[in-house]
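One chain, chain A, links the two complexes that follow: it is found with chain B in the first and with chain C in the second.
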Partner chain A sequence: MTTLTTQPETRPAVPPLDASVRRRARIRHNLRRSSIYGVAILIAIWILLPIWLITTMAFSTPENIRAFPKPFVPSPATTETINFFLSAEGIVQSALNSVIVAVLTLVISTLIAVPAGYAIARFLFPGRDAIRLGILSVRAFPIVVLGVPIATIYIQLGIYDSPISLALMHVALTLPTTILVISSVFASVPYELEEAAQIFGSTPVQAFWQVVLPLSLPGIAASALLTFVLSWNEVFAAIMLTLMNRTLPAAILYTLDKSGDPFKFAGAFFMLMPAIVFIFFIRRYLFNMWGSINK
Partner chain B sequence: MPYLLLLPSLLYLLLFFAYPMVQAFQLAFSKSVPYLNLRAEPNATAATTGTLAMQTVVTVLDRQRQEETLPNGVKRPVFWFKVEAPNPDGVPVQGWVNQRNVFIESRTESTTARVTTGEPTLVFTLENIQRMTSDFRFGPAVLTTFLLIILILPLQFALAIGMALVLQSQIRANGLFLYIYAIPLGISDLTAGIVWYAIFTQRGFLNSALVGSGVLPQPFIFLQPDHTAWMITAIVLAEVWRATSIVMVIVVAGLQAVPRDYLEAGEVFGATVWQRLRYVILPLLKPSLQVALILRTILAFQVFAVVVALTGGDVLTVLGNETYRWYDPARLNSPNVAAAYAGFILLISLGISFFYLRAVRSQEESVKAL
Partner chain C sequence: MAEIVIENAVKRFGKFTAIDNVSLTVREKEFVVLLGPSGCGKTTLLRAVAGLGMVDAGRILIGGRDVTFLPPRERNISMVFQNYAIFPHMTVYDNIAFGLKMRKSSKDTIRERVHNAAKLLHIEGMLERYPSQMSGGQRQRIAVARAIAVETDVLLMDEPLSNLDALLRLEMRAELKSLLNRLGVTTIYVTHDQIEALSMGDRIAVMKSGRILQCDAPTHVYDSPADQFVGSFIGNPPMNFLHGQAERQGGQIGARVAGFYIPAADPLQDLLADYVGKPITLGIRAESIEVLEAPAEDALPAEVTLMEPLGSQNLFTIHLGTDALKVSTHPDFRVKSGGRLWLRFPAHKIRWVDPDSGRTLTPERMAVAQ
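So, the complex of A and B:
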């Protein structure tokens, strides 16, 4: 009671905020906000400008690509350079190979990783931590250098230079990440839902199929897209494990010193595009993938 | 049950990770040498009694004439010789050999012969390692790889922390900035190399801007053999541009795990941005930064396409490029030396991960976060 009555009396002890002080605080606040915006926009320009420049090149005429100084916008904008790139021998085929390899990688990697991810997310069993650490420590190796021994193994087995063999290697590259991501997706589905389904008479398999899987599907799809991008971009193993059936990056890299600038620039643009689209679809999941693994 | 679910993954990693790793070291420490196997009986399937190196001169002790039928039905004589000679270790061995494996003047008369062919056999050797280390490009490749790591990583971490703090400060259009900052996740090092080649090449955008604005009277050739510093700069920029996003993702994930009160506490007590970064944010981010550090260092060892795209891979070279150069059937065509490089890269990265984990105390957490 007393506090209620005394409080209004103590208030005037604090000097009333001068209008100028308040204004200065507001200015400082606005200054801080706008400097954050400034930094944010600068970083965005740093990332987008090179993408804009290569896009400019891809849509310029070959004459403009060789011109100096170069135009910073495509004028006139044409698809001449891209058509030239696509009509180069073997390019369409190698783009097709890239898609085949990436889709195979995505399918195999996801099929193997889903059960493993589920086991790590849901079960407590002896050796769980050891197995998880084992799988994850694979990421502490530059796996692509294993392209060398794998190439000699493939040659011995007679399965060298085929899309499926390269996809098998790419699965080895992506599997640890895919397991990690998928297990964090499963971990984010509340266990209570699964329990409830089982109480209402579902078998564990039904509960997984009808409750857990639909809820985790967007996350699994995001992880599958990430796998696709990893395989689509991979060049080191691809150039070692293919010869006639090159993937797009391997084909471009292999002819790099013999090809002209229009070819290179159109090629870079072509490799860049799918990534930009796919990252757009998985952007919301990127942080959950790394964030919730420990929970 | 959980073991059953994990089985496919474990088998897969065993088959495509553990086995090739063993194979890599086996390739690195072995070479294929033709050796002639001596047989206990004059026939090709008999037990082996010893092996002889190529060009060994042998004494013929006995001979046996056999007949073989050619596919067209014609029969012809084939000789087997019982020979004696010192094996590669200098111990004399005896056994039967087929005539096609030796050079002999007269099949019926001669008492000596010379071994000419055999079966490829793997023997232990340090030759591949020596060829790797004595190659004049080995030293520069190691130096450039490490130099790039030392130059790239600090820039990357500073930029990534900056990006993460921007995203964390709840500005408008946060989602848009997040997407833009994440785009490089999908860009390969080959693409990044070509994109920055378009900027740094003689008729590139940088020269266009410099000459166009009158800063330079004529284009400056950045990417030429005399200007290795510029080449390094171009590679560093391309790598910082391409590979900072992965660090940013890990740092943002780490920041999200930090309770908001901790971050706000500093603000309430009037700490400056720098003080909060130094005393609150960075210590809390330590495990995430460590994970990012390991991941980025490992990835830095496999970089090669960006170097090839920007410099051609001859003036400047890195370990990844050397591995491919030795492997490439069109160039050095030596998978064994390439495997030596692969093994070398594996060992260094293992050592560095181990060093990072030991150097920071919270290793338990970071291994889990990895």
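So, the complex of A and C:
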């Protein structure tokens, strides 16, 4: 400022900006913004439209479901379709099975993934990278390849067609992701915090319980819920490994071609809801899972 | 009783030797600063004392007890970490109380000591807050409060001020020094900031490549560095080193530098006898060189390459032969770049350095070497 006032004559005069230059800059700016918003809106519609369709149809009368064009808001709104779906044979039981399998998967998967993830995040042991790769490579096997031999083994062991055996299969499917996600959650907790706890009197195990676990809990919870949703939605292994004790997706898929549109919409709605509710609860932590929770 | 004794400590990471046979004794209630460039092993040495990294050889004793193989919690120490390492999920109170709770102190003791520590660091009004609601300087205070609340005899500090901005660092430095003086704990303080080291330590241990080059009082380290590296690492500007040839003139040994003869002080005459006719290095501090505006007897004429006014002093860069020399003067002394001035080198301020080993020649050190 002072140099400007004391020596104005030494500076060459800067010509004022042309108004058209200004206008073009603003147009460019607005164009870029609106195109970003436009793409975002398109993506949102692409995802939301089917969800909206399924939800409205689930609350419409069977007549309205077959009607075309379909109304944007169900009128009259009714639970008739839902009731029809719930009263169908075996649906409630299979929903219950789904819950049991998903909870079992969540518990077993998390109990294994927490120590495994911690070891991968914290310790440099021989073969660490190989193990990391090995964990991921489980995902390279298609479920079909895994499913048939596992079904055979389950039959031999006499645990075929039971929620626990299906849960074990789901654990095998979800564990790779769970371990890697949880290990990245642990890795984001600075090791210095554990060292500080040890300096001030903790054993390494106490340091984990007092410092690392509380700080990673949101991330672990998010990953556990993700596991729940994955298991809830999984259909292929469910069909292969169950017969009488079908889970919900397996039951719906099995009856799909024999049932009418109202049944399909109501079933889709039931499959959709848990995922949406869970994502609503964990949306804040989904970002944390791969980011830092250092604050 | 909390003397820290490090005996012949060695620590290797693969083929890299981080600590190379280091021995150091920190006396009770003494404040020793480990100073050195990054990668010199100072933090590794501190962590070995803390128990966060075991030494591969050697012993560590705290208060006469061999703690070499004990985990940190059994060493009765506390520590301030570089990145504070305060627990983000606990309130300030719980952070400060952490060590006391682990020691199973009584509720009353915990409350009293937490409040005392918080008061000493001026954070007593923030005990119910979470660290994320606090600034960097305040977090630093929590970390120090947590470390002093446990009232151990030994306190270890790993670059505690390096994450603060310049002004805050200056403030915290003075506050920390007076606080630690009052508490009278045995302290090892790691830093790469030579000003911090000079201003805070009772003694400074200068490290390089895993070895301690010199461990002395700050003024001594500054005035008479044991080694060319120490002289150039400590002080701003660093110590000047002039390259010359040892020479006998009129019965006295001195050095010829850029054609000018500089005599050596009397106590060094015997030592320098071996160097006559050989190259020798002279070390002198920028402020120890006398600067004259007019020619005088035994003053060396020189031309100013660059003059930098620094407010409290003027800093001149002068070329003598192949050496660039930094000379500081009172701010009123004005000679423009390109001007002439005359330099005088007081014999008792010159340090004579063996150019091969880089070690400073002094009667005591030579006696030790032999």
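As a working rule, the second predicted complex is superposed on the first by the 261 of 295 C-alpha atoms of A that agree within 3 Å, B and C clash if a C-alpha of one lies under 4 Å from a C-alpha of the other, contacts with A are read in each partner's own complex, and residues count from 1 in each chain.
In the analysis below, contacts are C-beta pairs under 8 Å (C-beta built on N, C-alpha and C of every residue); 3 or more make two chains touch, one makes a residue touch a chain.
Keep in mind that this is a model prediction, so the values were computed, not measured.
*Asks:* Report clash or fit for the pair chain B and chain C bound to chain A in the combined superposed model.
*Replies:* Overlaying the two structures gives chain B and chain C room side by side.
*Asks:* Does the superposition put A:251 against chain B (first), chain C (second), both, or neither?
*Replies:* Touch status of A:251: no partner.
*Asks:* Scan A:220 for contacts with chain B and chain C and give back first, second, both or neither.
*Replies:* In the superposed model, A:220 contacts neither chain B nor chain C.
*Asks:* For A:106, select first, second, both or neither according to whether it touches chain B, chain C, the two together, or no partner.
*Replies:* So A:106 meets neither chain B nor chain C here.
*Asks:* With the C-alpha centre of chain A at the apex, what angle separates the C-alpha centres of chain B and chain C, reported to the nearest 10°?
*Replies:* Nearest-10 rounding gives 120 degrees.
*Asks:* Quick check on the superposed pair: does A:201 touch chain B, chain C, both, or neither? Answer first, second, both or neither.
*Replies:* A:201 sits against chain C, while chain B stays out of touch.
*Asks:* So, does A:211 touch the first partner chain B, the second partner chain C, both, or neither?
*Replies:* The answer is second: A:211 touches chain C but not chain B.
*Asks:* Go through the superposed model and pick first if A:181 touches only chain B, second if only chain C, both, or neither.
*Replies:* neither
*Asks:* Which one hits more chain A residues, chain B or chain C?
*Replies:* Of chain B and chain C, the partner in contact with more residues of chain A is B.
*Asks:* Could you tell me how near the closest CA atoms of chain B and chain C get once both structures are overlaid on the shared chain, in Å?
*Replies:* It is 16 Å, taken between the nearest C-alpha atoms.
*Asks:* Which residues would you name on chain A as touching chain B in one complex and chain C in the other?
*Replies:* 294.
*Asks:* Mind listing the chain A positions that touch chain B in their complex?
*Replies:* That would be residues 33, 36-37, 39-40, 43-44, 46-48, 50-51, 53-54, 57, 66-70, 72, 112-113, 115-116, 118-120, 122-123, 125, 128, 131, 133-153, 168-169, 171-172, 175-176, 179, 229, 232-236, 239-240, 243, 249, 252-253, 256-257, 261, 264-265, 267-268, 271-272, 274-276, 278-280, 283, 286-287, 289-291, 293-294 of chain A.
*Asks:* Using the touch rule from the top, collect the residues of chain B that touch chain A in their complex.
*Replies:* It comes out as residues 1-6, 8-10, 12-13, 16-17, 19-21, 23-24, 26-27, 159, 162-163, 166, 169, 171, 175, 177-191, 194-199, 201, 203-205, 207-209, 211-212, 219, 241, 249-250, 252-253, 256-257, 294-295, 298-299, 301-302, 304-305, 308-309, 312, 320, 323-324, 327, 329, 335, 338-339, 341-342, 345-346, 349-350, 353, 365, 367-370.
*Asks:* Under the touch definition given earlier, write down the residues of chain C that touch chain A in their complex.
*Replies:* Contact set of chain C toward chain A: 50-52, 71-73, 77-79, 81-83, 85-89, 98-99, 102-103, 132, 146, 150.
*Asks:* Using the touch definition from the top, list the residues of chain A that touch chain C in their complex.
*Replies:* Residue positions touching the partner: 190, 192-193, 195-203, 206, 211, 214-215, 294-295.
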